[in-house]
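Below, each structure is written out as structure tokens.
You will see subunit A twice below: alongside subunit B first, and alongside subunit C after that.
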Partner chain A sequence: MEKVLGLTVTDEGVDDCMVDTNSSIRSRLCAIVGEDSVRDSANERHAYSYDATPIVTGAPDWIVFPQTTRQVSEVLRLANEERIPVIPRGSGTNLAGGTVAVAAGIVLNMTRFNRIVEIDESNLTVTVGPGVITADLHRAVEARGLFYPPDPGSMRISTIGGNVAQGAGGMRGLKYGVTKDYVLGLEYVLPTGEILRCGGKNYKDVAGYDLTRLLVGSEGTLAVITELTLKLLPLPESKRTMVVYCKRMVDAARIVERTIAAKIIPATMEFLDQSTMRVVDQFAHLGLPTDVAAMLLIEQDGVEQQVDRDIDRIAQIARKVGATDVQVANTPEDGARLMAARRSALAALSRLRPTTILEDATVPRSELATMVSEIERIAEKYQVQICTFGHAGDGNLHPTCMTDERDAEELERVDAAFAEIFEVALRLGGTITGEHGVGMAKAKFLPKRVGEDGIQLMMRLKQAFDPNGILNPGKIFVRVPDWQHVAE
Partner chain B sequence: MTDRVPVLNMDEILNCMHCGFCLPTCPTYEQTGLETQSPRGRIALMKAVAEQKLPVDDEFASNMYACLGCRACETACPAGVKYGQLLEDARELVEDVKRGDRRRSFRRDLALKRLFMHPGRMRLAGNLLWAVQASGLQRLANRTGMVRILPKEMAEMQRAVDPVASPGQRKGRQAVIPARRSQPRVPRVGVFTGCVMDVLFHQTNEATARILAHAGCEVVFLEGTACCGALHAHAGEKASAIDLAKQNIEAFEEAGVDFMVNNAGGCGAALKEYAVWLNDHPRWSERAKRFVDATRDVSELLAELPDFEFTKRLDLRVTYQDSCHLAHGQGVRTQPRDLLRRIPGVTYVELPRADSCCGSAGIYNITNFEMSMDILDTKMNHVRGTMADVVVTSNPGCLLQMKQGIIRAGLEGKMRAMHIVDVIAMAL
Partner chain C sequence: MEKVLGLTVTDEGVDDCMVDTNSSIRSRLCAIVGEDSVRDSANERHAYSYDATPIVTGAPDWIVFPQTTRQVSEVLRLANEERIPVIPRGSGTNLAGGTVAVAAGIVLNMTRFNRIVEIDESNLTVTVGPGVITADLHRAVEARGLFYPPDPGSMRISTIGGNVAQGAGGMRGLKYGVTKDYVLGLEYVLPTGEILRCGGKNYKDVAGYDLTRLLVGSEGTLAVITELTLKLLPLPESKRTMVVYCKRMVDAARIVERTIAAKIIPATMEFLDQSTMRVVDQFAHLGLPTDVAAMLLIEQDGVEQQVDRDIDRIAQIARKVGATDVQVANTPEDGARLMAARRSALAALSRLRPTTILEDATVPRSELATMVSEIERIAEKYQVQICTFGHAGDGNLHPTCMTDERDAEELERVDAAFAEIFEVALRLGGTITGEHGVGMAKAKFLPKRVGEDGIQLMMRLKQAFDPNGILNPGKIFVRVPDWQHVAE
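Moving on, here comes the complex of A and B:
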């Protein structure tokens, strides 16, 4: 195994015997999925060496495109036998280095599982392949008056399999929850090749351990998901958007708290800090005020009268707290125009400097203002440029650092700044990642969040699913689990 | 190789944050599902080449040429990455390396250098084309590399080309057409005839002039213009493209016109890039800027002029296929649609995914024939669904491709493909 890995990581000093092994593995893969579905040219290997995560890369030896569960099972059996790493992949939009082939091996591309199998209107469920694009699922169910709320910013290209494996969130998390709240059942394949199912169409199901929940957010390290059954809701009949500008970040945080204390749960409460607003305005020319400390974007959906009443009350609360301006959109187009600021935030920031690092430290809602000012302090301390925006309603912040991957010295300061940001988040009772996952990016902070015993337990779970450690190695855990050495 | 690497613009490459938002709009990714056939993948390959992690070899070249250059990815990109320019640079690098290797492909060389570079030859080729029409396109096809195309597709392509204007007809055209409607200030407009447009779609250029006159402009056909250089730039022949640009700027300056109108989305996008191409040519950059400021697509200019009257009714169901370089390259989307809607009697239906490339893409349908046809067949499934009588386009390449698509989809006799200018001219 070591040799196979050594060969593929360095690309140099290929000895003949390894070439033989590699070409025999290639032909066995071809026998399973067909010649056309195994790719390994130099350009192809390079094009699957990255995902949306900045900086980290690692090229696989082969990219395999299975089309049936049986093929997935056979590929895994082969890989397990030969101890070849397998990295499941959707659209490669995750921000944690989750699909980077750090130890080479096989990238198992699940995008051909793109069938919407069934929309069940009496049970309010939808059954899909993991390769279905999130926005396509939205369109399909909304055409029948149904609603799948999870809406990660990447929904136009992310896959459902990737959303579930990464435990994706989104803007509607406050009222509707996140991906994990909508997964009812799964079909999955273990690294040893067994095809299993858990859960199903039942909302109530307590038969044994909840393996469905365990696989949600497992980041491709426990099993390969081949089919999913998801929960649906009726599509809300109307939606309204408003924007609130505040002189101080604490005012914005207070508006969020008072709104919820008034027993109103808006679908969305997003915020942009002053530095983000400035950049967005330069980029998109939206005419945002630049003398305020923060803006809140609030959306409510539901029955029309209820929506109108909620929006009115939130506006009252905002004025009372001392918002400098409150604007309510009268038409859906106006609403979209208001939301444009939030939607173009990352894009605008990304143009500032060559490299953009987007994090997702999360704190309890009540610590929002403290966290934002701590981030400002830390950016100042390490002399790095960090703008913050995010989901105010659920305390999920996106401190975003603009830097240059070619400048090693600056990157060190960026690293140190983020380490301190995570530390503060944990001290405030928060977490290191709210929705992007651990992957490679945050593996070294995980022990601080879950404790050494927590890591040990997670590793034992990992071993139960994946005795040879072939599934997505190098993710979640910094240390190579012990049994991998034993296996060698 | 080392000394040529700097032609790739690393700062622009680094603007790509590999978010993948461009993937769902890319026709070649839609067909193949391969990252190497996606904008994000192609930019990553360019970056690897710039960092000398990958060589400029056949595989890299074929990946750069497998791109349609439709720039749908630019519209989708939240970070505003200028993909079209990156692609031109990458192809220029490929051609540079190939030149060093003396492995240039004869096929493209003939089509581009010998034909498009010299308007004289283009006219000659036009005459030739006209002459060979009777006997079919076979011979010309053999020479330009269309030989790879199968007999059946060959026949479809041939039927798709309208009878070409005769040489006599093209010579005998009026130089200045006076405005047909009085306006406070009559704008003087030059029609950029473009090489392919003038040979294959001579009447469309005539119709463009007539419509503009009807709308109150004094119209001249620009003398001394050459090919816009788009095909050269897209094929990595930037130096030739720049020579053509200079020639066209001079022609424009001599004509003394307020606007310069073209009716080919692909040419228009290139004409509007002149300021970028000539950015570091001190004696030219200002002149190029003035040129770009005066350049308009015909629909774009008609939308800026006061509304004109239609005199005839066209009882037709009409749909519109965007020209990529008009929509993604120039941002002209609503103007052609609004013009069509204004024609009395016309029922306008929107084509789903109208701004996704038809697969024509300059000479792509010759160099990457199979992919081009796959993309066209996907496109025709949407077109069929509109049940339109006429599918309208704004670019000669798209027009030919749509004509071929209609034949492939078995819609001949039920549906026609027309240039927007010809549709408008019918209603005057």
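Moving on, here comes the complex of A and C:
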């Protein structure tokens, strides 16, 4: 018999005698969003007790599906009055426990806000509901010859609202920036129910504090986002892909460095370490060489002549540094085949053992090779299995541990290994999270990153938005402050 | 005899019998920064009673020149204890009264922090003190083949700390973004004296709330910035300039729109209206045609082939729309000559009458022509003289009024005209300030832009940073809240 917070799971099914049946709250919620938009069966509550993060779970009391901003406002007002936690959620692809209900309450499922409101080709903006799937957004704007560059790994499933709440990254960070650089304006609802707007379609706007950028990456702890206006670029004309195999990780890092020193900024520069390559090859049978230390996947986009020129120059740089092999794709299909190794990395690694912990330690690009070798040293030290892949162009690494959460002793060693990995990342001038967010998973490391005074300042900012601490409690900050009253 | 707040100015000079001679504060300040870094003669106080903003003035009690972060911290601690206002200041080129002391206190002159600490060519970052002059920063990084794109009009005088505090823009906003997009990390001091760091050299960092982006554009009201880490790009290889003359403003707007629709994003697209052109030509004798409605100055940079191709295509677009003349510069010197018209606009306009009010109303690019014609209508309505020039690429307009602050009746009409201009800008989806900041000048319009709830939220954020309200009081917010105790 397992215990998932708030529910008892037996062989017979889910025992819901411990479910909160506060029918007054329930009927008030139904009055706001409609009866069929409030769910609280034991099965639904179990389904919403986890996201894509391993190990952490917590069942909510209700899952509510608002359809309008006004409904979001009324739900929040109710929750604020009654001191009920509210956890905003998109597709639940969060990797740091960001959408897990630590103290029950209401999961506010925003997926009904799935309209593309407007594509403004004159002003190069798109306005969308937070529930639009990011890949659908890509398709819609690309059909008009426009481009929304952020491409987080989860994009075929995740929502743009979730991306913005987390400050998602993706593969094109070095050349194109991240989600944070594309948010021009938001409509949002405070935990106390007020509906506000910040920013708009203006590329330049310094009227008052930059609430738009403060809300991006605030992990659903400051406000609920109900509409977004994003910046677009013209769609690049062409794109080419190449792969480089290196005997040593430091060669891969050197190729990255010299490419940038040559003033070439590729659209993507991804890498896989040797252990990742082996696992991926077993899974996807791509015929990857397994005796090399690293592979680099590089894409450039833009005007065709420029792209061809850049790819040729990168190939030259790679050969000069001593790459064992360089392959340039001649067709988009070949390019996709080469990228498949990188895109299937997580899926391949996830098959090995029951629990896959995908982490997010980031360092300045110049420290890439050092960090990768430190991760290897640490994995060896704690006798845990860690494969590393990630975004070579911006230093955002994904050390990924294959383990089994049922093995408490091993999990202790895994925790110790990651604690040391974060310590090293910080020592090298890096950060504890480049794109996944702090959530629950990294809350204990945040004080080391931002300092105790930084934590205090952030908690005061949190209080300015959320005086009763109802919005996504237990995320970002380890301590629940006195003023944060959560439902028992 | 004139009265400048806090001082009486007579024909004999400045009468300093009203100067606060709190010698205890003075000696404590001297103990922190050194005797020669504290100034409070009547002349100095008069010199620091204004910035580049017309009309508004206010003398401080002391001007303090700290040299280290620790000194900044100690000055702030003292000021916070004694409830003395502190006004951070760089070169004083602010156009919204941002560095004027409304309630006396300490002007904290940050110009001694003028070191370029490090140019990191591997990670494409530069770390500087806030007192570095922006043009000096440009020179230093360009000498290494690197590029810091933001180029506010004041750059030969203004400091990078001032640019960041204001969220300065410049001419390259459409293609390269603004100051806000280039700040990776900061060291800063809270009004209560704590020294903190946020961000760093990482291009991706989502560890906690984005304090870095919140501080950019916070106008010296949340913290004092003591060090900055900025993002750089590779320096573009080449650049070309062209000018386009149009019979009608709407033609100029159409050329801008079709250029972008053709997926060409030029580095700059500046315009001058007819009245600005006339004044500039009288001043600079550039031989500008004076019978056209608008001129567009367009620059493209990048790889030479690409630049040539883009410039040719823009010229074709311009001719197709019906431009009366298109001139493409063949040498950098010719290019500079063409740009001289735009760069001398403010200087030329300033010569006409004693008071020049340079404003900053911004609209989405698609509304450019409408906004310009509305400004003309409004100037006619109130019988005031307004010339308009600005950044056609991003809708950031500079309606500039030539007037005389000594004529109270005219100044009333000028105020009414600008109030209507901002109303129209907001109605068209724009904002009250694209790059100059709210300061004192636009504080009364901020509630219309962000709403009363927005004001309340921003004031709570202010309180989280500055519980005693000592940092740059009287800026951004019209109301001084109860809790903001300022020295009398």
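A few points about this structure:
Just so it is clear, the second predicted complex is superposed on the first by the 462 of 488 C-alpha atoms of A that agree within 3 Å, B and C clash if a C-alpha of one lies under 4 Å from a C-alpha of the other, contacts with A are read in each partner's own complex, and residues count from 1 in each chain.
Please note the rule applied: contacts are C-beta pairs under 8 Å (C-beta built on N, C-alpha and C of every residue); 3 or more make two chains touch, one makes a residue touch a chain.
Keep in mind that this is a model prediction, so the values were computed, not measured.
Overlay on subunit A: subunit B and subunit C fit together in the combined arrangement.
In the superposed model, A:261 lies in contact with subunit C only, and not with subunit B. Look at A:285: by the touch rule set out above, it reaches neither subunit B nor subunit C. Angle at the C-alpha centre of subunit A formed with the centres of subunit B and subunit C, after superposition on chain A: 140°, rounded to the nearest 10. Once the two complexes are laid over each other on the shared chain, residue contacts for A:145 go to subunit C alone; subunit B is not touched. Contacts of A:133 after superposition on the shared chain: subunit B is touched, whereas subunit C is not. In the superposition on chain A, contact is made by A:201 with subunit C only, not with subunit B.
When the two complexes are overlaid, the chain among subunit B and subunit C that reaches more residues of subunit A is C. Contacts of A:156 after superposition on the shared chain: subunit B is touched, whereas subunit C is not. Overlay on chain A (Cα): least separation between subunit B and subunit C is 21 Å. Within subunit A, not a single residue is touched by subunit B in the first complex and by subunit C in the second.
Residues of subunit C touching subunit A in their complex: 120-125, 145, 166-167, 169, 173-174, 177-178, 180-181, 190, 194, 196-198, 200-211, 213-214, 216-218, 222, 233-235, 237, 257, 260-261, 263, 265, 303, 305-306, 362-366, 391, 394-396, 429-438, 442, 446, 449-451, 453-455, 457-458, 460-465, 476.
Within the complex formed with subunit B, the residues of subunit A that make contact are 39, 41-44, 46-52, 54, 65, 91-93, 109, 111-112, 133, 135, 154, 156-157, 344, 346-347, 350-351, 354-356, 405. Within the complex formed with subunit A, the residues of subunit B that make contact are 11, 14-15, 17-21, 23-24, 33-36, 38, 41, 44-45, 48, 53-54, 59-60, 63, 78-80.
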